[in-house]
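This is the structure I want to talk about, given as structure tokens.
We just call them A, B, C, D, E and F in the order they show up, numbering each chain from 1.
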Amino acid sequence: MTKALLSPLPRLLVQDAVRGALKEDLGRAGDITTNAIIAPGARIRAVIGARQAGRIAGLDLAEAAFDMLDETIVFERCVDDGEDIEAGGIVARLEGNTRAILSAERVALNYLGHMSGIATATQKLVALTAGTKAQICDTRKTTPGLRLLEKYAVKAGGGTNHRFGLDDAVLIKDNHIAAAGGVAQAISAVKANVGHMVKIEVEVDNLDQLRLALASGVDAVLLDNMSADMLAGAVGMIGEQALAEASGGVNAATVAQIAASGVDLISVGALTHSAPALDLGLDF
Amino acid sequence: MTKALLSPLPRLLVQDAVRGALKEDLGRAGDITTNAIIAPGARIRAVIGARQAGRIAGLDLAEAAFDMLDETIVFERCVDDGEDIEAGGIVARLEGNTRAILSAERVALNYLGHMSGIATATQKLVALTAGTKAQICDTRKTTPGLRLLEKYAVKAGGGTNHRFGLDDAVLIKDNHIAAAGGVAQAISAVKANVGHMVKIEVEVDNLDQLRLALASGVDAVLLDNMSADMLAGAVGMIGEQALAEASGGVNAATVAQIAASGVDLISVGALTHSAPALDLGLDF
Amino acid sequence: MTKALLSPLPRLLVQDAVRGALKEDLGRAGDITTNAIIAPGARIRAVIGARQAGRIAGLDLAEAAFDMLDETIVFERCVDDGEDIEAGGIVARLEGNTRAILSAERVALNYLGHMSGIATATQKLVALTAGTKAQICDTRKTTPGLRLLEKYAVKAGGGTNHRFGLDDAVLIKDNHIAAAGGVAQAISAVKANVGHMVKIEVEVDNLDQLRLALASGVDAVLLDNMSADMLAGAVGMIGEQALAEASGGVNAATVAQIAASGVDLISVGALTHSAPALDLGLDF
Amino acid sequence: MTKALLSPLPRLLVQDAVRGALKEDLGRAGDITTNAIIAPGARIRAVIGARQAGRIAGLDLAEAAFDMLDETIVFERCVDDGEDIEAGGIVARLEGNTRAILSAERVALNYLGHMSGIATATQKLVALTAGTKAQICDTRKTTPGLRLLEKYAVKAGGGTNHRFGLDDAVLIKDNHIAAAGGVAQAISAVKANVGHMVKIEVEVDNLDQLRLALASGVDAVLLDNMSADMLAGAVGMIGEQALAEASGGVNAATVAQIAASGVDLISVGALTHSAPALDLGLDF
Amino acid sequence: MTKALLSPLPRLLVQDAVRGALKEDLGRAGDITTNAIIAPGARIRAVIGARQAGRIAGLDLAEAAFDMLDETIVFERCVDDGEDIEAGGIVARLEGNTRAILSAERVALNYLGHMSGIATATQKLVALTAGTKAQICDTRKTTPGLRLLEKYAVKAGGGTNHRFGLDDAVLIKDNHIAAAGGVAQAISAVKANVGHMVKIEVEVDNLDQLRLALASGVDAVLLDNMSADMLAGAVGMIGEQALAEASGGVNAATVAQIAASGVDLISVGALTHSAPALDLGLDF
Amino acid sequence: MTKALLSPLPRLLVQDAVRGALKEDLGRAGDITTNAIIAPGARIRAVIGARQAGRIAGLDLAEAAFDMLDETIVFERCVDDGEDIEAGGIVARLEGNTRAILSAERVALNYLGHMSGIATATQKLVALTAGTKAQICDTRKTTPGLRLLEKYAVKAGGGTNHRFGLDDAVLIKDNHIAAAGGVAQAISAVKANVGHMVKIEVEVDNLDQLRLALASGVDAVLLDNMSADMLAGAVGMIGEQALAEASGGVNAATVAQIAASGVDLISVGALTHSAPALDLGLDF
């Protein structure tokens, strides 16, 4: 993706997150090893390097980690969030107080590795669906406390974001339909209750449900665990009436075929709950 | 591991974590889908089931998620943290207010899936080192904000915990050694500064450094990225003088050979930064 | 509105709000008047009464205020949120510890009076637009820290909610259009950036801008400060292509005429920034 | 009032308040409209203008809102808190990063409009009582969470502050008197309990109670809902023995007559619970 | 003091304090000793006993510490706050979950010992001034974060409270007088600025300043570091015009003579900044 | 102690602590005395002076208090933490905004006096044990919420730190031993449960328990309330097998004799729960 399209994380929330993570690592007494050995005024240069190729995300958090321990540390980015790096490439260059750099190192790398891991996993699926209109998108299957950061990383990977929580969009699932007494009734109840700026999506398991959903009028339909053939049929039935989102069983082996069905979106929980960290390190 | 050995997470910290995660998901307006469709007094039964085999961890968090939205929900555990489950097995049974169960579902599963994923990854390496004295242990390469929970999950997987932060134990690394002017100087500086209840470990890259470390007296040595032969040599040199910890390049293919070197501990960052979530779901 | 349609406020957020308000009022030493005079075990009955007619909202907060100081206080609702009360009517009956009731009284009434004031102001405009399809809706012109509660009160008054913040829906205003170089460019930039579950509204000042907006495709258009004639023309041009929202100069004298133009929504900042409190009191 | 008499709000509390309000508005993903359209480095000039005449209060909060999103924004005040502005007048001039200015605009205006509305409402009553010794003062009928800010706004309007909470001064009301068994007993209980730096006021409904209160010795008496004649009688009886505060039924039509009774203070809940916002806007 | 006069600490603030203290002690992993050794369901009886005689304060905090770790623990008070205990006496009896009792023990005792130490130190000075009208009172020289609790302990010791902070009463000191250009000017500036429920005290170093202060009218005068003769002279000059407070050089050897001067109050910083803890222990 | 050995307190935690303490003192309305009298732009010079000789600790907190109210205040240290000062000596020089200096004064002095009091008390015992190998160390008997700061002060006094909480080291006490069924069983249970970076200490009351503890292997033994003879015997038995810590009945009269027994550590609760504040003042 082009950098211009990647909206920055809200600065206030980055500060809150990093402050919490530093306090988690510093504990009560701080970095007792570094403070016992390194002179207070010592200075150092370091680089954050990539041990493997991938897509970078999380530089604001890494920079904030160093900045919070010493605001005179110079943090120079060699790539930006949303850009790719080769194995052996340099992500950023640092110069400043040695104590602060050593004490913030792990928090910075933990954020950067986690978020870049998600961006990299996303980018791989995005690449596999190139040439289709399908966008790779995330879910609410995120690590507790990190949803905002993880959804940002998905965007850095070239994906797009599903709803951020239970409150900012409607997603009617099978339990809701059962409780409401049917697809139409569930949609009707929602429309009577939520504001006009809230989008409505309904999960359907078969084409009958899909037909009812389209008749009621929704913004998107979630086609859950359908075969490629069924997906294609659903996409044809939907046409321009709603966005078509596929989910279930998505991985590197299946994503191209799913995208070929013509769906608009492919949502993948594994982007945020199972992406391995990108291997990054701080070298002096 | 036997259940008796798994100390519970501090309840106050579980409450803080879950409260934060629920607020992250509920956002401002709460579960607008469920509230629009499900009647306030409706009740439901559900089970948390395992879609794949693994080791369970995180039940306290899952239970707290439901309890915080409705303290009358009955949450019955079918396994305990630290126990294995088969694919298709039932983790817990729930009964209570439908709205609360649906609204808390994702937070509960996100915790349980993430922590069980770590426990499962740990258990796999533990199994591969059976019959050796090597224990699998974690690192500070954890997800920001979740270190406590992730280290608990490692224990549930049969592993053991390295230090929790920068403050509760000393780990002297290469930068510290370089800044101090040598292994002996770094150890000496630390001993002059930290309290008597703090253990000291030093990372060594070669046997010369190891010899110096042992001469100074430390509680443990971290043998970083050594070949199996070199590890064995180091272990022999160490004898009973300190604990021997291996790190670097540990995975399912290498762990048995590393363990065979006779080290006491094998630390693995991937346990906490790259373990995929265990696939769990809530069924009605 | 019917009660069934009024989704409850998230309990965790109600608790946070009320806890903060009680601490604001109790200060450091608590209710020094009551504690000096009233015996610890004294009990009392009281009623919350309406000094004027209006629409009630905020009972969860009032109840939580008493409950947090003494969870054995019985709080019996005589009306529900979203229902009307006559002057002299009884909102709720209380029985329990005198100290706790007196100490929580002001916080409970401050919430209930503020939120009922908003509900009442909303209900008046809703009544004035009866028979039209126009819904009365709120804005982001809310009291800092109280947005969630105030938007809930608007719903209790029969209105509907606009977006809750800068993040859950797009509203393109004149500055955005100017910076983007035109309506179409602004809409295009947004569509390339936000997720598929986010609705897009654009503010237009004239019919040329409206035409461009409709051509680009948006979910809603905000017709700002237009005359009744111009509104009617805009509504006709829009047809089924988007929702039409009127804003600017809305009050009891003008709202019926604005609604008669056929707009779908009429947004009113005064609902939340200028509604006088409903006069309620606690009587013993 | 002269500016010199208006003590500034504690800076730490201003920061806490504004930080919370910005996070409420930015939500999870921040200003998605602005970030999608406006270039990161774009700069803009803007003015905060008054759409109607009034008394200004809250500039510290407005300035903090912009400063927290970008500390290089220049915020130049054209009036100060406690000064009047004409319709069409300019409150402040801004220059700096466009994204930050647009994203902070609503929070800044919400604070400034709310607090200036209170200052303006206060100033109106102050003007109506010019030439008397009566001071207009506030109550604890404030918006939850905003008491400090609202009481500051009352001072900016030329009024004075009653107690800030339940803990910093004693106000004995009818329920306390009833529970204590009489005015004298209630006052005696309080005097035995509170410190020497705490003032004591007692609410009286009639001249008999007043006589008892004066005999016991109090700092102030609250003359609740008395007729003008009764007020004058009470004032005469009080003389220099205590401060006389009138409350109940105070509005623009009645305040002059109440003040003419010779009371020292007139307290008005509507200043803080029902003042409409002052209409302010940001223009580019 | 009689128990009836000791107002309880606000429960919400007690909960906040104890929760913070427990988290400070439990750290990340909780009570690793107890959890490794004691069975989850084990139960125990214990008593909190006094190793030395003293005045008790802080039972609400001790009880809350146990309650927060296990709300089924029975905590039975044998004395109340504000009552004396002999060496060897029993303060409270406990029964319940062993793990929770052992884990909360230190926090409970730390609060109880600290607060009882303050109450005991206060009580000693109170006893030494028996028969005079002088009350022993505290200052703002408190342990950061514990002011509320420490001022409560002073009351439990039979003392009285000075102002709680910089905001709830005025205390004009020498720097203020110098900056204002004199005692009268300082008092005048304050009276023009603070509300009618705020008391005003001025610190005077000599009788000239005292004369000026009385002429301006203040609620209290602080007679700082005066000799007993000078104090008596000042008290005579003050008469009924204000409260007379002595401070400086107060200890067990001097307090009776100071009290004999006829002052109303004797303030003592050492009550809160230097009182040794009362020696209490938990026995099984 | 030499300054180089005193690790600084984590800056983020200093900020949190000081921010909380300032808010405690400023309350709602801030320093109403100073703000009413002192002009906003007034500047002043001041010194923090020692009224008595002692060991200084807490300068970071004092400096932060002034800095948080006005970051342009110049705070020049004349001594460092861990250095001694004579009565009449100057601790620091200040120059800057008068309002900010006066408003922050008490918080700064409260921290500095409390922490220097602890450092001074520690230093006295350290001096009394000069020439022995015994180190003076602290306990968990700290003031709730201040443990980190108090343990830092002990180090500034030349002492050393015991564990910081229940989680960072094991201390097996008599109740644990009783519950486990013996010393060996308790140690065994702990070793099976805690990580390899956690030290283990066991409290023993007699030489039989000591023998068992040494046989099991522990890092340290706590010799509680033993006579000097018994201590010497225990030290002889322990040799190089573990660290020997004495506790109980330690004061200025007994500490030298205890140290002479050859113990490695002498732990003293009174350092943190009963040290009187060092008398410091701010002079202009």
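Quick note on the criterion: a contact is a pair of C-beta atoms (placed from the backbone, for glycine too) under 8 Å apart; a residue touches a chain by one contact, two chains touch by 3 or more.
Just so it is clear, the structure is predicted and the values come from calculations on it, not from any experiment.
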item: Given chain C and chain F, the chains that contact each of them; value: A, B, D, E
item: Set of chains adjacent to chain C and to chain D; value: A, B, E, F
item: Equivalent-chain rotation between chain F and chain E, CA atoms, steps of 5 degrees; value: 180
item: Gap in Å, rounded to a whole number, between the CA centres of chain F and chain A; value: 44
item: Centroid distance [mean C-alpha coordinates] between chain B and chain A, Å; value: 23
item: Touching two or more other chains - residue numbers and ranges from chain B; value: 5, 7, 26-30, 32, 35-36, 39, 147-148, 161, 164-165, 167-168, 192-194, 198
item: Residues of chain B that touch chain C when the two form their complex; value: 19, 22-23, 26-30, 32, 35-36, 39-40, 68-69
item: Interfacial residue positions of chain E with respect to chain D in the complex; value: 5, 7, 135, 137, 160-164, 167-169, 192-199, 201, 219-220, 243, 245, 264-265
item: Chain C-touching residues of chain F, taken from the complex the two chains share; value: 27-28
item: Parts of chain F lying in touch with chain A, wherever the complex brings them together; value: 4-5, 7-13, 147-148, 151, 161, 164-165, 168
item: Touch list for chain A against partner chain B, complex; value: 17-18, 20-21, 24-39, 42, 44, 98, 102-103, 106-107, 109-111, 113-114, 117, 140-148, 164-168, 170-173, 175-176, 178-180, 186, 189-190, 192-194, 198, 270, 273-274, 276-277, 284
